[in-house]
Each structure stands twice: as C-alpha cells, then as structure tokens.
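To keep things simple, chains are lettered A, B, C, D, E, F, G, H, I, J, K and L as they appear, and every chain counts its residues starting from 1.
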Amino acid sequence: MYKTGWIVNGPNLNMLGFRSKEHYGSETYSQLMDSLINYGKSLNLELQAFQSNHEGEIIDKLHTLVKEKCDFIILNMGALSHYSIAIYDALEMVKVPMIEVHLSNIYAREEFRKTSLFTKLCLGQITGFKERSYYLAIDYLAQLEEK
Amino acid sequence: MYKTGWIVNGPNLNMLGFRSKEHYGSETYSQLMDSLINYGKSLNLELQAFQSNHEGEIIDKLHTLVKEKCDFIILNMGALSHYSIAIYDALEMVKVPMIEVHLSNIYAREEFRKTSLFTKLCLGQITGFKERSYYLAIDYLAQLEEK
Amino acid sequence: MYKTGWIVNGPNLNMLGFRSKEHYGSETYSQLMDSLINYGKSLNLELQAFQSNHEGEIIDKLHTLVKEKCDFIILNMGALSHYSIAIYDALEMVKVPMIEVHLSNIYAREEFRKTSLFTKLCLGQITGFKERSYYLAIDYLAQLEEK
Amino acid sequence: MYKTGWIVNGPNLNMLGFRSKEHYGSETYSQLMDSLINYGKSLNLELQAFQSNHEGEIIDKLHTLVKEKCDFIILNMGALSHYSIAIYDALEMVKVPMIEVHLSNIYAREEFRKTSLFTKLCLGQITGFKERSYYLAIDYLAQLEEK
Amino acid sequence: MYKTGWIVNGPNLNMLGFRSKEHYGSETYSQLMDSLINYGKSLNLELQAFQSNHEGEIIDKLHTLVKEKCDFIILNMGALSHYSIAIYDALEMVKVPMIEVHLSNIYAREEFRKTSLFTKLCLGQITGFKERSYYLAIDYLAQLEEK
Amino acid sequence: MYKTGWIVNGPNLNMLGFRSKEHYGSETYSQLMDSLINYGKSLNLELQAFQSNHEGEIIDKLHTLVKEKCDFIILNMGALSHYSIAIYDALEMVKVPMIEVHLSNIYAREEFRKTSLFTKLCLGQITGFKERSYYLAIDYLAQLEEK
Amino acid sequence: MYKTGWIVNGPNLNMLGFRSKEHYGSETYSQLMDSLINYGKSLNLELQAFQSNHEGEIIDKLHTLVKEKCDFIILNMGALSHYSIAIYDALEMVKVPMIEVHLSNIYAREEFRKTSLFTKLCLGQITGFKERSYYLAIDYLAQLEEK
Amino acid sequence: MYKTGWIVNGPNLNMLGFRSKEHYGSETYSQLMDSLINYGKSLNLELQAFQSNHEGEIIDKLHTLVKEKCDFIILNMGALSHYSIAIYDALEMVKVPMIEVHLSNIYAREEFRKTSLFTKLCLGQITGFKERSYYLAIDYLAQLEEK
Amino acid sequence: MYKTGWIVNGPNLNMLGFRSKEHYGSETYSQLMDSLINYGKSLNLELQAFQSNHEGEIIDKLHTLVKEKCDFIILNMGALSHYSIAIYDALEMVKVPMIEVHLSNIYAREEFRKTSLFTKLCLGQITGFKERSYYLAIDYLAQLEEK
Amino acid sequence: MYKTGWIVNGPNLNMLGFRSKEHYGSETYSQLMDSLINYGKSLNLELQAFQSNHEGEIIDKLHTLVKEKCDFIILNMGALSHYSIAIYDALEMVKVPMIEVHLSNIYAREEFRKTSLFTKLCLGQITGFKERSYYLAIDYLAQLEEK
Amino acid sequence: MYKTGWIVNGPNLNMLGFRSKEHYGSETYSQLMDSLINYGKSLNLELQAFQSNHEGEIIDKLHTLVKEKCDFIILNMGALSHYSIAIYDALEMVKVPMIEVHLSNIYAREEFRKTSLFTKLCLGQITGFKERSYYLAIDYLAQLEEK
Amino acid sequence: MYKTGWIVNGPNLNMLGFRSKEHYGSETYSQLMDSLINYGKSLNLELQAFQSNHEGEIIDKLHTLVKEKCDFIILNMGALSHYSIAIYDALEMVKVPMIEVHLSNIYAREEFRKTSLFTKLCLGQITGFKERSYYLAIDYLAQLEEK
C-alpha cells in the first residue's frame, strides 16, 4: 500500500538552476521535484511537493499537514533553517517522521549556516549531496517500517 | 464610554488546541478570541482580534493601527517575539499602550525563548498563565485611566 | 471557602514611595499591602504579607511556608531575583503555585535586571504594571481551580 | 543610452513620514520614490521602485530581477538587513552591482542594528543621510562606467 | 589528644529531609549533625556544627573562628558557594585546613552549580555522596598529621 | 567494474549492541559490517571495514589509505569527530571522496556533539538514521559517477 | 557650619588587622574609624561609621540614611561591591553625594574584583591607598561646595 | 558664499597607488586630493586636505579644527577607525558635521575592520566606492543647508 | 562476601614520584596501587589496578569492564578528564557505580583543569587529598549497600 | 627636603576647557597644571607637568623618567589607558610609585572606558573628581613616607 | 663534548612529502630526520628522532626522557599541540630545555591552530620556516651555554 | 653578492638593558644592533636597524621600504604587535619576505601578549630566545634562496 508524504521546500529553492552549481547542482526546481515524485512512485511512495519563499506560507502549509495528516515530511527549509523559530513551532506540532535535507554541505560554508534549528525535531539530516540528498531521504522512508 | 483595542496574534496561535496543552491550554483560537471579546465587552472595552502567520501581514496590520488609531494593543507575537526586528520597527511607531502576553512560561522552556525584543516597547508583560494571560491584560486595560 | 496565600517581598520594597515613581508607582509599602489584603478578601483569598531586606530572613520565611503550607505564594524578590541561588533552593522546596511579580518593566532597564532566576519555578510572571502587577496576580489566583 | 535599475525597499519604509523624523526624514514614501525616479531621469537612469513588508515578496521580486535583468539595484532592506539570511541567498544570485543605503545612521542606534548581512554582497554602503542616502547612490550609479 | 573542628553549613541545609532525597539524602539536619559529632568523637575529633541561612551570620561565625582558632573546618556553603565573594573574603583569613563538601553531585545539575568560589581556598572537595561526603571529610581529617 | 572503499569507524563503535539502542540501534558491530559489505557487493562496491578505539591507529590506517588509494571512504569517527585535530590533518591528505555518517542524531543530544571537525572535508553528512546512515552512504557512492 | 556624613562599611572590614596587610594595611577597624572621625572633625565634618557583614543590615541602614538625610556618604562595600544588586537599588534612592573607596587596589587582584556595581552611582572612586583611601575621600568632601 | 571644510586622512592613505587596487583604487594620494579640492570648488566648497600616519598628529590637527572652526569635516581615519579611542575623544569635541568615508568595503574584508568607533559621532558613513566615496561626501555637503 | 572493583588510571599517573609533590604526593604508582589493594582487602573489597597513557587502551579496558562486570570503578583519568569525549562514551556504557578521584585540587590550578567531562556520570568526586583521595573513595565503596 | 615628581598627561588633556564640562571640569590645561604645581610646592613637592597627544612621545618621556629618576609619577593617560600596551611596557620599567587619576568617572560612561590597562601597575586610582582627582593624588604623595 | 638531544614529532609528521608542500615543505620524514641528525653532528650535538601518531606513545616516550635524561628536546607535536593536556602534563615533568617548532605558519591557517598548549613550557617557539624551523632550533641549542 | 635588509624595532626596544632581564636579555639596544649588523656581514647580508616608539614613524619607515625596496625585513614591533592595525596595513604593502621575532616568550606572559596581528603576513615567527631570536632570523635569511 502507498505511503504518502510531502516535500516542503523553503526560500530560493524555486531558483535551482540559477544558483551556484557547486553548492546546489544543475537541475531546475520543477525538474527535480518531478523526478523525485517519479522516484517515489517507483518505491510505492506518493509524494507531493511544496515550495514557498514566504515563512508565513510555509507555516500555513505545515498547519494543513498537521490537520490532514500524511505519513512523513521531507524538509529543506533553506536559509530559514537558521533563524525561523516560527517554523520551529509549526514543526513541533507535526507528529509524523521528518527528515531534513540540504543540497549543499552547510558545514563547509559561512558560519551562519552551521546551525539548523530544525534538526533536533527530525529523525536525522542528510546534507551535502546536491539533488541526491532528497533521493537518499526517499530511500530511507521507502524502507521505514510503520510503527 | 467604550475604549477600543486590538489583540494582535502572531504565528501558530491559530493552531491553539493542536499545540501542547501543557504550554498553551486547550481552547481553540476562535473560542478564545470570542471569549476575550465578550469579556472585554463586559468591561466596556471594544476588542478586535487579528492573527497571522506572516510577519509581513502583521506589519501591514500594525501600520493600519498606527494610522487609524485605537486605545491600546495586546500583543502575542509568538515565536516572532524572539527575532523579528521588522515588527519591532513597526511597534515603535505605535503610540498607544501595549501589553505583551504569552500563554506559556517562556522562561521555563528553550534558551531561545527567553528574550523578547518587544517587551521594552510595552507597558509590561504577562506570561505563563495560558489563556488567562490575555484576561489579565484586559483586566489591566479596563481599569487604566486615560491620561 | 477561603484560600490562603502569602505575598513575599524582597529588599527595598519597604521603601515604596521613596523609589523612582516612574518604575515603582507612588503608594507606600504598607498602603499597598493593606490594599492587596483587602482586595484578596473581596475575592475570598486570605493574604498575608512579608517583607525583608535580608536574604537569610526570606529563606527562613520560605522554610516556614514549606512546613506550614499555604495555598499559593506571590513573589516579588526585587534585586535578589537576579542572583540569589540560595533563595532559588528554598523556592524549589515549595510545592504550592507561585507567581512572580515585578512593579517595574525589568526588561526595559539595566542589562542585569533582564534575567530572573525564579521564573522557571513559578506558574508565570507579571511585570511592569506597577502596583497592578500584584492585583493581576491575585485576580489569577482567585479564579484558579484547585487540582 | 538609459541604464535601468530598481530601488528595492524593505519593511516599514512605506511608513516614511510616520516614523521618527530624526532618523528617517520627513518625506512620505511615495514622494520620495517619485522624486528619486525624476532625479534618476535627469541623469539618464531609468529607475523603478518596489517596497514590501513581506520577506517573501522581496525574495520573489529579487528572483524576477535575477531573471529579467536590470543594470543595478539600490537596496534598503530596513530591519531585514539584520537577520534575513533568506534574502541574503536571493541577493547572492543577483549579478548586477548593488548598493546598500540606510536612511538613519544604523551605527548610532541599538546594538542589533550594527550588522547588515548584505553589505558584503554590495559595492558599498551609504548610511545616515536620510533621503540623501538614496540620491548619493544614484549619483554614484550615474557615473559608473559599464564594464 | 583531641583535635577540634567546626562544620559550617550554609543556607537550606537546615531543611534536610524536606529537600529532594535524590540529591540530598533523607536524614534531617540535626540527626545528621549529631551523628557526625559522634562519629568524630570515635576518631578523637571534637566537632561542633553551625548552620545559617544568612550570609552575614556565616561571615560573623567565620570571624570568630579566625580569632578563637580551631584545628580545621568542614564547609558546606550550599548555594552561597556559587556567588558569595563576601564569604570568600572571610575564608581567606582562616589559616586552618578546610575541606569543602557537597551532598549532591553539583556537576550533574544546573549550569550555575558547577563553579564553587571556595574550592581553591580548601585542601580539596568531596561532592556527591550525600551524607557520606561529610563522613569522608572527617575520615580524612582524623588521619591528617599536624604539621 | 568494482569500485573499492573503506568504512573507517572510531571509538566505541565496536560496542554496538551494548550502547543505548535509542541512539545506536541494536545490531552488533560485526553483524552490521558484514551486512554493509554484502550490501556493497550487491551494488558493485567492494567494501572493507576498519575500527579502532585508538586515535593513533586510525591515523595510521588513514595514512595507509593515502598511500594505497581506494575509491572512497565512509567515516564514522564517533566521539573523535568533536575534537581530534590530528585525524583532521590525516583526512586532509586523503584525496578520494569521503562521507561522514553518524548513527545517532548528534544535533539532538549533548551540546558538545553538535560540531564535527570533519564534515567540511567530506562531500556531506548523513546523520541520525541508525544503521541506515551507512546504507544511504553506500547508495550514494554506488551511483556516483567517476570524474 | 558642620557637614554630616556616614562611612558605610561592608563585610569583613571589621576584621582589619586580621586581613592581608599587603592589601588592607595594619590598623584595626575601630582604630581606623576613630581616627577618621577625628580627622573629619578637624575639617568641620561630623562623621559616623557603620559596618555590617549582613547585606540586609546595610540595606536597612541605607534606608535610614535616605529618610534621615545626611550630607554625603563614603562607601566601602567590600566584596558586596561585586554582586549585590540589592544594595545597588538601595543606593539609587540616596540623593546625597557618595564616594566609593577601596583599601586594596581591586584592579590588581582576582578577576572577580575588577567590577564594582556601585561606582556609577557615586561621584567617583578612590582605590588602592589602604587607609588613606578614606582620608582622601574626606579631604574631597571637606572642600566640596554645597550646590 | 563658500563653505569651508577639511578632509582628514589617517595612516597609509598617503600610499594610495601602492596599495591593493581592488580595495583602494588607482589614483595617488595627491592626485586624489587635488581632484577633490577642484571638485569642491565647482560646488562652492573650499576644501583642504590633511594626512598623517601619526595618531598624535591627527589629534593635534583635530584640536586646531576645534579652535579655528570650519564648516564640516570628511574623515577617513583608515585603520585607526577600528581602535583609536584617543581620536574618538578628539572628535567628540568637534561640533561641525562630519562624514566618515572608506575607500574599500570594510564590511567585506577582515573581521577586525567591521567596526568603526567613529561612525556614531558622524552624520553617516559612505563606504566601498573607492575614490567616489569622497566625491559622494562632497556632493552631500554641497547641498546641505546650514542650520 | 567480597565486592570486586577496578581502579582505572589515566596518563602520567604511572609517573607518580616524578611529578610535583605539592600536587601529587610522593609515593610511586606501584607503591600506591599495592597499598590501595591491601587497604581494599582489609575492607573486603577485591581491587585491581589499571593504568595507561593511551586513550584507546583505556577505552578497550572499559569495554572489558562493561562485558565482564565488576561491582564498582574508581576513576582517575588525569588530563583526559578534561577533553576525552571518547572515554565519556565508553563510561556511559558502564552500569556500576563510579567515583572520580583526583590527587591534586584541580580547582586551584590552571583554568583548563576546572572542568571534568566525567563527573556527571559518577556518583561523585573526591579531589585534592593526594593519595588519600583514593582511600576515601574506597572507604565510601566499602560501606555502600548493594541495591 | 623636596620630593620631585611628574604629572604625565595623555591625549586631549591639553584641550581641557574645550571638553564636556560635566565630565572634565572647566579649567584650562595650563591653569590646572600651574595650580597643581603651586599646590605641590605648598606641600614640599616639586612637580613638573608633561602632556602629549602622541603615544610615542609619552613613551619617550617615560623612558627619560626611567633614566633620570624622580620620586613619583601621577598618570592621566586619557583614552590611551584603554588600549596602549606600548605605554604599559614603558610603565613596567618605572620603579617609583605611580598613581592613576581620571577627571571623569570612567565607570559611568561608555563600555570601552571601563578598563584601564595601567591601574595594576600603580599604587591605586582616583577617578571621577574632575580637577580634584589630581589634588587628592598630590595629597597622598605629600604624606607618603619614603621606604 | 657532545650534548645529546631528542626530536619528538607528533601525528602525521611521518607523512611529510604527502602533505601540502605549501605548508610542510617537500622532504620526506626520514630524509629530514637524517639530515637533521647529520647537521647536529656537525655542531657537536648527538640527536635522536622519535615520531608517533599515538598520543599515548608520545607520553611513554617523554616519560623515558624524564627518567633517562638528555640535554634538550625539540618538539613538533603537530595537531596535538592544540588539545593534548595529557602531553602537557608529561612535558611538565621534563626538566631540560625544550623548543617548540612548527613547519607551517600556524598563525596563518585555521583558527584552531592558533593556540599551542605547550609553548609556555618551552624556551620559545620557531614557526613557519618549513624544514628550516628544526635547523634553527638546532643552531640555537648548539650555542646554548650549559648553566 | 650582498642581500640587503632592515631590522625594524617597535616601542621600548631602545630600552633593552633597562627592561626585565628574564624576558629581554641584558645587552643594550645599540650593542645588540651593532652585533647583529656585524653578524649579518659575516653571512653576506647588509643589515640596517631602525627603532621608534612612535607608531606613525614606523609606518613612515615601512612606506620608505615599500618604495625603496630591500630584500627582507626582520620585525620586532613590541607591544604594537598586539593592536596596531595601522602597521598591519603598512606591512600588507611590503612585498619582500618578513620574519617576526620576539625576545621574550610572549606565550608565557600576560593574556594580551598571546596574539600578534602581524604573524600571518610574515614567513614565520621566532619567539622567546632573547637576543638569539634575531640571530636565528638572520641565519634563516642568509640561507634563503632568491626566487
């Protein structure tokens, strides 16, 4: 049976393809999301993608996910990972497993990227593998037993 | 004669009822606001409530209150209390008395909740009494003499 | 049936009326306490007041309250709030609900007033409303259901 | 031939005229923008102005500027200058010259205003000359040779 | 021949039995002191006990001990260990060997308990063994050769 | 054609099965390594495993890998991740791709576990998925094109 | 006409003569105070001396001085200078000129002696001249014009 | 009527042309000053230039300007901006408007260049536009109304 | 019946007798261990001693103790107490009571000796009594009831 | 017999009379020095005054005083007190008694004025009494016995 | 007569030739040591070289040198210089002159390389001259008079 | 053929012989410089020496060296090493090899001597060998191949 999940993406991720290829890879955002959704299907996961540059819209979306339920969430909050306590509060309400991914190796860049507020609310973090960070998260979720 | 005021609520407060009861009590947001408005009426205060998960919408709202005037504001900016300098700037323009309330005891939780940027712009702060924090603010405002 | 409680006041509060009116209001200490006790009576609370400039006497008093029990405590430890770990230890033994009040808005003054050691041991804090801080605490306690 | 550029303004700048005249001068936002656009014209610069109180809308706007290109950007991000890493990421994608301006002398105010995340992505900063900060930026851009 | 010594106890130690058994054991203060005095006797040490919740009284007592001399002091200053520079100054005048004891493991509790001002003025510290911390100090002193 | 790689494990990893299951999962070290090697084989990767509790032995091993070459390294340095600059220096000499894995979510534990010296020398980090952290690293390496 | 003043001494100053002569000189407390009072007389100043090892008694005394008035106060709060915010609050109520003196050069000793909370409430500080620190303060006060 | 002003330059500015062109542009010091003086003339400003590598000579010069008066000062104190409290004290005596300029973008270089002691004593700061930083300051001063 | 325990000693303790007598006493390592083992025997404790200068060997030893069990451990990890998180992890697996001892008063020496990572994993700490620190630990363990 | 001494003054003290009267009093530098020299004479002290705005000249002067000897030095290094390690090194060579004076209460002003590097090399410090700070230093030196 | 000494090298120095030539030069470890030993001979110094990647082996070696004595030690502890307090303790027992050398300029690299624990136990430090750092240390020792 | 170089000495070095022999050796400045110049000659180096107590003069001198060129510079900036960013800027313009020397072991003295701003601009640093620090720098330069 299908498990359902959301990929929730934060600011600037819609601009993949315009950002530094060294850090973010070369696919566009919609290419990447399509490709992830297909990959999910092949593993019996029904994925949906969301992206916003607005902290408030992300919070609104997370509230929906709290109410409507899904089986897991893959998070890439981009720069908001480093300071949005408001999203932290929204994530605290989520009861399904979450995985944090980052395209770039945030530990090899500016000082202010080295701390993510959200990791401790997630199962774990996959960081630095460009687009593959998402695929690995999906791999993990596909094999995860329901408790 | 009636005094008029606004209750301005920040992100995630619309989710009361879904959040940790230990910190936030068990009423829903609209139950609580209705009940506060009624309570205000009984004390000759005409209250209106506003909530948004968007920093920008809160700033827009505060700008309106700067222009249209009211007699006081009760603030619960939620997580934005800890980092939104943009809201700080908007509050600086407000010339009516403001009271900051928090449902949870922010001093008994994570380190990053222990500082509110906004308290020094307010008359004072009431924190930790769940829904009653708002009621106490209303009590205070009801007995406050106009200067 | 009456609930009984103590208002425990720390150093310099006996000098109300001699201190900066901007921060502390204009009633004398005994006027204020009398008035609070009367107000309590009107709400079926039997209040008693204690004040000392001596950390040790406050600790002694709190020990008495640990042994003799009362239903709640309202604390205004003044400057000791910021450094007296000895009082912290005494408060840890108290098992009844406590509320911390401050007359002045401690978050709008010197840096060293911004942290109270005791808040995390209390239900919550009411700060900045001059004499009304106490009244609001009483209001809260009057409506508090026994568990 | 005309060079084209945008003036991108952050939160609360729409309220010029309502804010402290000492820090922000006395023109309204639309007066100031009109006047800057006219001034630009006189120097063969075609300027357009944008303002938003929403971090997300500013990011959206910057994305448009990344795609549609213009010759330069004048930034006044207001309070977001001090904490919006999300806007920092959007600015990193911009390849045209940028100048940061501030109306008030941010180094003579609160501690939290003393650091701008964005300056290092810009040619330079002009700060403290009220409305004239913008004019000076325009002067600079008008004489800037294309490389 | 008998050696004479004092056990000087700081705030809240009179409340042993009322405090957290996990940290402080279950004997009352007077039971413990009696038992220590008897134990001392069995090892040819003549012990006396002092306790106060008042920093000033402890200083007064230490002054007496400076003047009247004894052969050693066992200190448990409780919370004052972490901030009373005034007691530090009094201890500096004491010329006999001192041992610092703590009932609880102060290194496994709140951050503010991890530093004792007084240890560097003592021979050493015995911490975490509940009542036994005192007995071990006595054991040590009983076998200590006079120099 | 087979690609060859090493899994280099630091102190205490030999004790898997004896450590907290919540953080580290329940397989023993040799079960896990056998299983990883088999998994690698199924993906055309020839894996070998090394473990030591001795910083010096790990450095010796890394020196061998610098000289003998392999195609990649998966690192789990355990607690040495947080302070061994000597291993950092050894890793700097390694020119093949490295991936850092952690069984536990190091960002949800003690403060001193939140910084790894080595991440910035690696492609990325996979942390918090217990045994699956290794499998995901292998998945990634299996699909990695040689440059 | 005589000007009247108090010398208010904090903890351990009663033990002058027992403390390190290098830092504190060799007179006893009562010798020093007598001698200061006589010296004051010779300059038309009527001095009185107070000393306590109890923070609370010092606060009580300062309250008396607030109420009964005198023309100036010479303060040597000893170790309490470094942490007693409660005394700071009491001193804030004093409206007559105050001078802070220290016998020892507090800037040439332990780190924790380098900051006095009280200096900013005083005209100035005289520190390091042993007994002469007091005499210099008296000299200054004797020539001070009344405003 | 002419307004008179000084351009006061600190250490190493005499070496323009020898320093990194990327940060400091390519004109020599005397070319730049001549050109600024001419530019000033064209705007009815009578400018004079001063440069010294000696903190003391700069202070002497500023004292002269305090006594002889001029209408404004343009400051580029170079590295002394970051640590010379002695110049800060001299600038505090200056009562005419001052503008701080920097050739390089000091916010995009070493950490120790990010703070200027002097900005808060000036109207504002213009930084990062190489030689043009001075011209913009002159533009500003030329249009500044006398108060 | 005999209880069995280990004394696990860290780097440089084998050099007792060569180190500063003021801090470490004058017995050699083997004299001290023999004497402790005999003392243990007299109290029905069967002690064994281990020492290594190698962090890795200590970890190996602790792993053995995790597997083979004993009734308690006395730890003196020497300098490794201050930085070896790898040993911390090994100690976390140990389920028997542990006591930390130090020969010297680590709180009266260099700043970097003032924090031990391990204390919070132990019952308590005995520090500063030279060889007697071990004897006191044995005394404590001898009287400790099995739970 | 006369004792000889120097008053060594640092930057900006030549401008007394031009600086803030609140902090620095109203006499000019030469009035003050003349008056101090006369006052010295009346107490059998032969004083000479030196002032420079140049750190280097002050160092040169101190070197002369090291070689030619005098009986004491009164120091007011102004702003250099807060950062000139070079002067610190020169003062270390001086073997006669030194007293540090400040006209203003440096502890009641900007944060960066609160630490003087030099106090620990002096007998003591007299600060905050405007011109009288010097007179008190002279008083002290006049009565100081030669050792 | 010959003086005898040891060169004690820490982790990764055996890999000279494999490490960054910019920081570490291009000779291999054994070439360098042979060459240093020959150079020593030519200056009447009998040198021996030791290297280990194991903190514990280095401590063991230093213990041997404490017991067997030699005339001096040249230290290059590599990365252990920055954190090994255990080696610090071993070095404290060494009574012969020690010189610390570093091949690379540790002050021009990562932040964590800027502090060496060991320098204060040595005569001095020679850093940044690649292989020549050792030769200079030998030159110094060759001319050092025995005391 | 001769190589030419300068030894540039900062404040207080002219006083060698008057300063602490323990830190600075016993030769006078001119003896030392003469002797270094002769030593240079014997190695085919033509050395010249410069010393000043004035930061500004040192900067002037360095500017000359930028313009007139020499083959290398040996720097001992004394206390200015710790804070003179102005000299840092002057040194940045120097393109010949520089070596930093210190007579005393700056890492074994006051905290504020532990950081030199200039080392990262030099080949390396030789510190702690009194006069020999200079000789070793000369030795190094004598054997340095021109690139």
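Points to keep in mind about this one:
Convention: contacts are C-beta pairs under 8 Å (C-beta built on N, C-alpha and C of every residue); 3 or more make two chains touch, one makes a residue touch a chain.
This is a predicted model, so every value here is computed, not measured.
The minimum number of touch steps separating chain D from chain J is 2.
Look at the contact of chain E with chain G and you find different residues on each copy: under half of the numbers used there are shared. Averaging Cα coordinates per chain places chain C and chain H 56 Å apart. Chain C and chain D have Cα centroids lying 50 Å from one another. For the pair chain D and chain H, the distance between C-alpha centroids works out to 24 Å. Taking the mean of the C-alpha atoms as each chain's centre, chain H and chain I sit 65 Å apart. Shown for chain I are the residues in touch with two or more other chains, namely 54-57, 83. Checking each pair of chains for touch leaves A-B, A-D, A-F, B-C, B-D, C-E, C-G, D-H, E-G, E-I, F-I, F-K, G-J, H-J, H-L, I-K, J-L, K-L. Across the complex, chain K meets chain F through its residues 10-12, 14-15, 18-20, 52-57, 78-80, 82-83, 112-113. Against chain L, in their complex, chain J makes its touches with residues 54-57, 59-60, 63, 66-67, 83-86, 88-90, 92-93, 117. Contacts from chain J toward chain G in the complex involve residues 105, 107-108, 114-116, 119-120, 122-129, 132-133, 136, 139-140, 143.
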